[in-house]
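Chain IDs A, B, C, D, E and F follow the sequence of writing; residue 1 opens each chain.
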Amino acid sequence: MTLLAEQTTTEAATALERADVAVLPVGSTEQHGPALPLGMDHMAAEAFAKTAQERDDAVVLPTIPVGVSVHHRQFDGTLYVSEGTFEAFVRETLESLAEHGCQKAVLVNGHGGNSNALRSVARTLRDEETMFAPPWNWWDSVGDLADELFEEEGGHADAMESSVLWHVREDLIRPTELEAAESGASDGWGESIHGASLGFDTIDFSESGAVGKPTHASPDAGAQLFEAARDELHALLDWLVERPLEACWPRGHV
Amino acid sequence: MTLLAEQTTTEAATALERADVAVLPVGSTEQHGPALPLGMDHMAAEAFAKTAQERDDAVVLPTIPVGVSVHHRQFDGTLYVSEGTFEAFVRETLESLAEHGCQKAVLVNGHGGNSNALRSVARTLRDEETMFAPPWNWWDSVGDLADELFEEEGGHADAMESSVLWHVREDLIRPTELEAAESGASDGWGESIHGASLGFDTIDFSESGAVGKPTHASPDAGAQLFEAARDELHALLDWLVERPLEACWPRGHV
Amino acid sequence: MTLLAEQTTTEAATALERADVAVLPVGSTEQHGPALPLGMDHMAAEAFAKTAQERDDAVVLPTIPVGVSVHHRQFDGTLYVSEGTFEAFVRETLESLAEHGCQKAVLVNGHGGNSNALRSVARTLRDEETMFAPPWNWWDSVGDLADELFEEEGGHADAMESSVLWHVREDLIRPTELEAAESGASDGWGESIHGASLGFDTIDFSESGAVGKPTHASPDAGAQLFEAARDELHALLDWLVERPLEACWPRGHV
Amino acid sequence: MTLLAEQTTTEAATALERADVAVLPVGSTEQHGPALPLGMDHMAAEAFAKTAQERDDAVVLPTIPVGVSVHHRQFDGTLYVSEGTFEAFVRETLESLAEHGCQKAVLVNGHGGNSNALRSVARTLRDEETMFAPPWNWWDSVGDLADELFEEEGGHADAMESSVLWHVREDLIRPTELEAAESGASDGWGESIHGASLGFDTIDFSESGAVGKPTHASPDAGAQLFEAARDELHALLDWLVERPLEACWPRGHV
Amino acid sequence: MTLLAEQTTTEAATALERADVAVLPVGSTEQHGPALPLGMDHMAAEAFAKTAQERDDAVVLPTIPVGVSVHHRQFDGTLYVSEGTFEAFVRETLESLAEHGCQKAVLVNGHGGNSNALRSVARTLRDEETMFAPPWNWWDSVGDLADELFEEEGGHADAMESSVLWHVREDLIRPTELEAAESGASDGWGESIHGASLGFDTIDFSESGAVGKPTHASPDAGAQLFEAARDELHALLDWLVERPLEACWPRGHV
Amino acid sequence: MTLLAEQTTTEAATALERADVAVLPVGSTEQHGPALPLGMDHMAAEAFAKTAQERDDAVVLPTIPVGVSVHHRQFDGTLYVSEGTFEAFVRETLESLAEHGCQKAVLVNGHGGNSNALRSVARTLRDEETMFAPPWNWWDSVGDLADELFEEEGGHADAMESSVLWHVREDLIRPTELEAAESGASDGWGESIHGASLGFDTIDFSESGAVGKPTHASPDAGAQLFEAARDELHALLDWLVERPLEACWPRGHV
């Protein structure tokens, strides 16, 4: 109901008056191995964000589809911007929203590589007392369930991501390619040598671009994960709506 | 067929090998008066861009939905980033695409406020010999037809834009609000005093946010405009495909 | 009488107390074909600006002689700075003036390529409520007269510019070269292909560097244009002087 | 033997000819609760780095004592610079070293808040093929040992850090304050609400500034941790010395 | 003869082919006490630069009239830009000139506050091997003569500057105000407390804005200083013309 | 007693409450010829700064060991960062200190190349009314004594610097190399041609990297210089402590 971009400015006035929190989906367009589409991360973020359409107390912003993916650049189709540019784009978008009176948001994130930039956005907006906008990575909210469902360390285009994509965009999973994804995958993210993390690019440690056990994916696991994460997101939105704005701002010097 | 974000990296390798040109839709999320949705500009850009899906020689990139709209900031729902941030986001996205071998693109633009940034992107990419990526404003390609169809100077949320939206997203036009849009509209863009242009913000000269004659809009006019502009876009793509890359780069010193 | 640079600081205190508005001439040093000097644009801007010396309510700032002319770089003698640098130079100059209490100015501009940067300067200064400083392009104020005088689309080193130079710096026109300028000129600015603007550099579409009908120039036409534009400038200054400062600042959110 | 700053330029020429790798200690000056000195992180980094003095194949650079510690700013004595400034300072320092022919380094890091900036430095230097300079966080190399020694999740001024400080700067531990540190400590870093990480500043979740079980610290545990981590660092240096430079640079497009 | 801005592009081609060196006058518009005009520094620079018009081996660029004068901001009429903006403006102007084949220049400077920025410009252009462009402060070339002529430490709007202005712009000196300038002047620049330099702004140590003995000025001293400095400038130009370009670039690592 | 980095946050609260002024040592790691260590400048700065430990009214910050030394880059072991990065690092460090209530500092500087950046830091902090932090170059405070002690113009790794190093770090002087330093030294800094300063890099005018008469150095002269400069520093600290904060901020417009 309340996709901001589908409202007129007059309707937006009403919606923003009523809403306590905005939802901004951000992701990436980057390689996810041979079985998942490049848009995996922004598609998942958008799917979670759109579940907030049903809420009167939230508005859903348009999806930012390109993110911080330089480490996937050796694989075809990967698009990326620098961390600084991504951070500025997200921060300025939210600063413009705040001019209309909305001072809370959730950054619904589909891509781990965006995390540092999003934390930085959230810190800046909070320090300025412009907006309280914590990032929410969908996979962080359902780590325990994923551990139950799959035996994988994973990290990219793995059973967890593949399942969720299977659920939200069934038309875009290539089940016959999951085998190829897995046979060229590494078990875990990066490469650690005596305590130093050395996997700068995915190509340094994964041949197919995947990390984990993609063949363990299933649409049913995807449905479970999606629903569980969605519930967490809505619980977070409830919590945010309740929280007084003054309690959101930074604490003073001790 | 070839929305890049829906391809896997393996498929993207094939698609990018075959394709000669990319299409990047860019727009804005900003007030368009009481009758049109905030997403007008990125929705139109996306609609034009997606007509290139049918072509084997093109790939369509995901839509960038927020642009340079500071001058609409007094109207609810308007989102914006600075010109520098928008320019960097678009340029870096295209630079990452060029790493996969694609060196031609059309920037399908739905928002006049983006024009200067897009020209700057195109200049930089050309001067670096990274990519030849001219901006294409859909309305610039069908100016004569619009003059035939409507008697308006227009410029924003006018008969021309309203008609095209009516055609591409019939569900999002609010026909009953066109009257209100027009009664609060100005005739032309900005305000000129003795040769100086003084309309810094839309609110300086338009009460409803619209500029032009929205009530003159019709779905039929929208269909005509859309088809004519689409044909121009495809003619441009044909021309670009044919043009040797060497002919695209800057000329040397005289 | 009141060229700021010729005043002492003590006299400037008086002049700035009395003056309501500053006049800043900006232009470029760039190719203007074989018949006009490289300094055309800053010379014209300076000539217009200096007509404000006679006014007690204005101070005239020193001329900034280099501008945004990268698109002329293939022609000998063209100097340029980036848009960002030009914008910062103009903006900071005006911000320093504002510290002395002057909060209105006209940016008397002689070069179209500077326009975007000047609009951006004016927006920033207005949004900060530092200064109200609209750009004024001399040619925009006399478009109708030029249409009467010449049959040309024009755009650069054309009949209009040549005439004005002939009037303000008769010693620097090369009448015998107007023919060469015209024979190598294009009719209009740039090159449009199916709605995309493709003339990135002047050299892409003009052999001589001129655009228009330089041979149509005459000192008499120059005198008419100069006087008409000067009158518009002074009307603008009158208007600015009258306008209350509060009416100059941005309007609030609707 | 080879602290670079103690060499003359003539001696440095010899040392840099002989050395294959540089060691740059970086840390912070920030609150570490009531029992540890503000310089904890740069002191630990320096202590580890100086163990490389004994090696002919390494040079040790001077310590950078201030880092990315904005999240500790509410506690007295915390110094910090922005992530961008820290990153530039470290990167430019290493770029200047590379001019003398040294193209490998280890960034011996004592502060978790520096990690993102250091990864970014390492990526840039590698992508430019200027230097291969992986960050090494001392605590990452001895996680298993710490798990054996202490029952804590920890994260800041905890048993692990306190022990190492006790070992390297016995004069600067305040054992009588460990109780106070612990009584005001949180168990783990930050605060997670439905998958969103919400502890922006340490003050948001820890009263004393510590996170973990400081009272579990002991000089003996410190000695074990220090020696184990030092061995890992030297193994990393050995590995780096052996690794051909060509194997260090980024891989090409697939 | 060869003021670049007065040439056409065709003539500039010839002039730049023939010329070995460019001359760029830079100064400021800032308070010079009650007896000298605000434009003192750019007027002097321009006067010296224009003496190079007579040379076939030099081209004179247009004058940049605003500089790094923040420390004079409390006095009416002072204009200034930041050091970074000034540096960028000068450097980019010269980089654009270099595209036409001119790789030597003298930065004829009239304002001490510009010095650091100009040294930085010169270093960058030299390190890039774009241009060899040493700054030349007119007063530095005639220090001995000034010591002979006047008994002053001086530093700003002093006998030396006043004399030169008297010579180059006799119409703009206010001889009756020299007394007032001197009575409110300090003897030397700034204020030193136990080795620390504490005069941040001129207003901190000079009431009139002048530093030195303005009343010692005379048109005759001005003529002597001007001629002596002009001779030094031309000797420098001769030296530069003779010097092979390869001898101008930075030396390699020892 | 009060090295900030050795205090806990609790102790720092007390120390900062009691202290009126901070002392920040900054220097460089750069060639100082064959007789002095690369760390000369930061070692001297640190030695002077640490004499303030004894004072209850001061806190000593950790030493920043790398500075603006690009002009020494051709000599082995020289490290450097850009002026902008150095300035940001110092300024942000002090801004973070000011959050704890300390608004006065002395920038104890050991390297002439840092001076412009430090002046800029001091100006910015003062203009913001964040902190009054004048730079103090140790050699500037004892110029007369140095003139008495040595017959040299000097400027780098000269008798003055060598003597002070001999005093503060006797273990790091190489007395047998002073001869070599001097035989390859220039007499004075840089190279002046007709008033233009042309020595961009030390290598342009000094073979050994030294400038002056290193053989004139002695530990006794070093002791005299050190004590005299230390006394000046403490007199400056006394003066600063006494000075009311309001007297430190910039004066208003005249």
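Keep in mind that, in the parts below, a residue touches a chain if its C-beta (ideal position, glycine included) is under 8 Å from a C-beta of that chain, and two chains touch if they have at least 3 such contacts.
Here the structure is a predicted model, which is why all the values come from computation and not from measurement.
Participant: Using the touch rule from the top, work out which pair, C-E or E-F, shares more C-beta pairs.
Facilitator: Of C-E and E-F, more C-beta pairs in contact link C-E.
Participant: Look at interface A-D and say which pair in E-F, C-E or D-F is its repeat, using the rule that over half of the contact pairs are identical by residue number.
Facilitator: Selected pair, repeating A-D: E-F.
Participant: Look at both sides of the chain A and chain D contact and report whether the same residue positions are involved, with over half shared, or different ones.
Facilitator: same
Participant: Using each chain's Cα centroid, which is most distant from the centroid of chain C?
Facilitator: If we average the C-alpha coordinates per chain, D ends up farthest from chain C.
Participant: Express in whole angstrom the distance between the two chain centres, defined as the mean CA positions of chain B and chain C.
Facilitator: 30
Participant: What whole-number Å value describes the gap between the mean CA coordinates of chain A and chain E?
Facilitator: From the centre of chain A to the centre of chain E is 56 Å.
Participant: Once you find the CA centre of chain B and the CA centre of chain E, what distance in Å lies between them?
Facilitator: 49
Participant: For chain F, write out the residues touching at least two other chains, lowest number first.
Facilitator: 70, 73, 75-76, 99-100, 253-254
Participant: For a test of understanding, state which residues of chain F touch chain E in their complex under the given definition.
Facilitator: 70, 73-76, 83-84, 106, 116, 119-120, 122-123, 126, 134-138, 140-142, 192-198, 200-201, 203-204, 229, 232-233, 235-236, 239, 250-254
Participant: Where on chain D is chain F touching in the complex?
Facilitator: Per the stated touch rule, the residues are 4-10, 12-13, 15-16, 29, 31-39, 42-43, 61-66, 69-70, 73, 75-82, 85-86, 88-89, 92-93, 96-97, 99-100, 172, 174, 177, 209.
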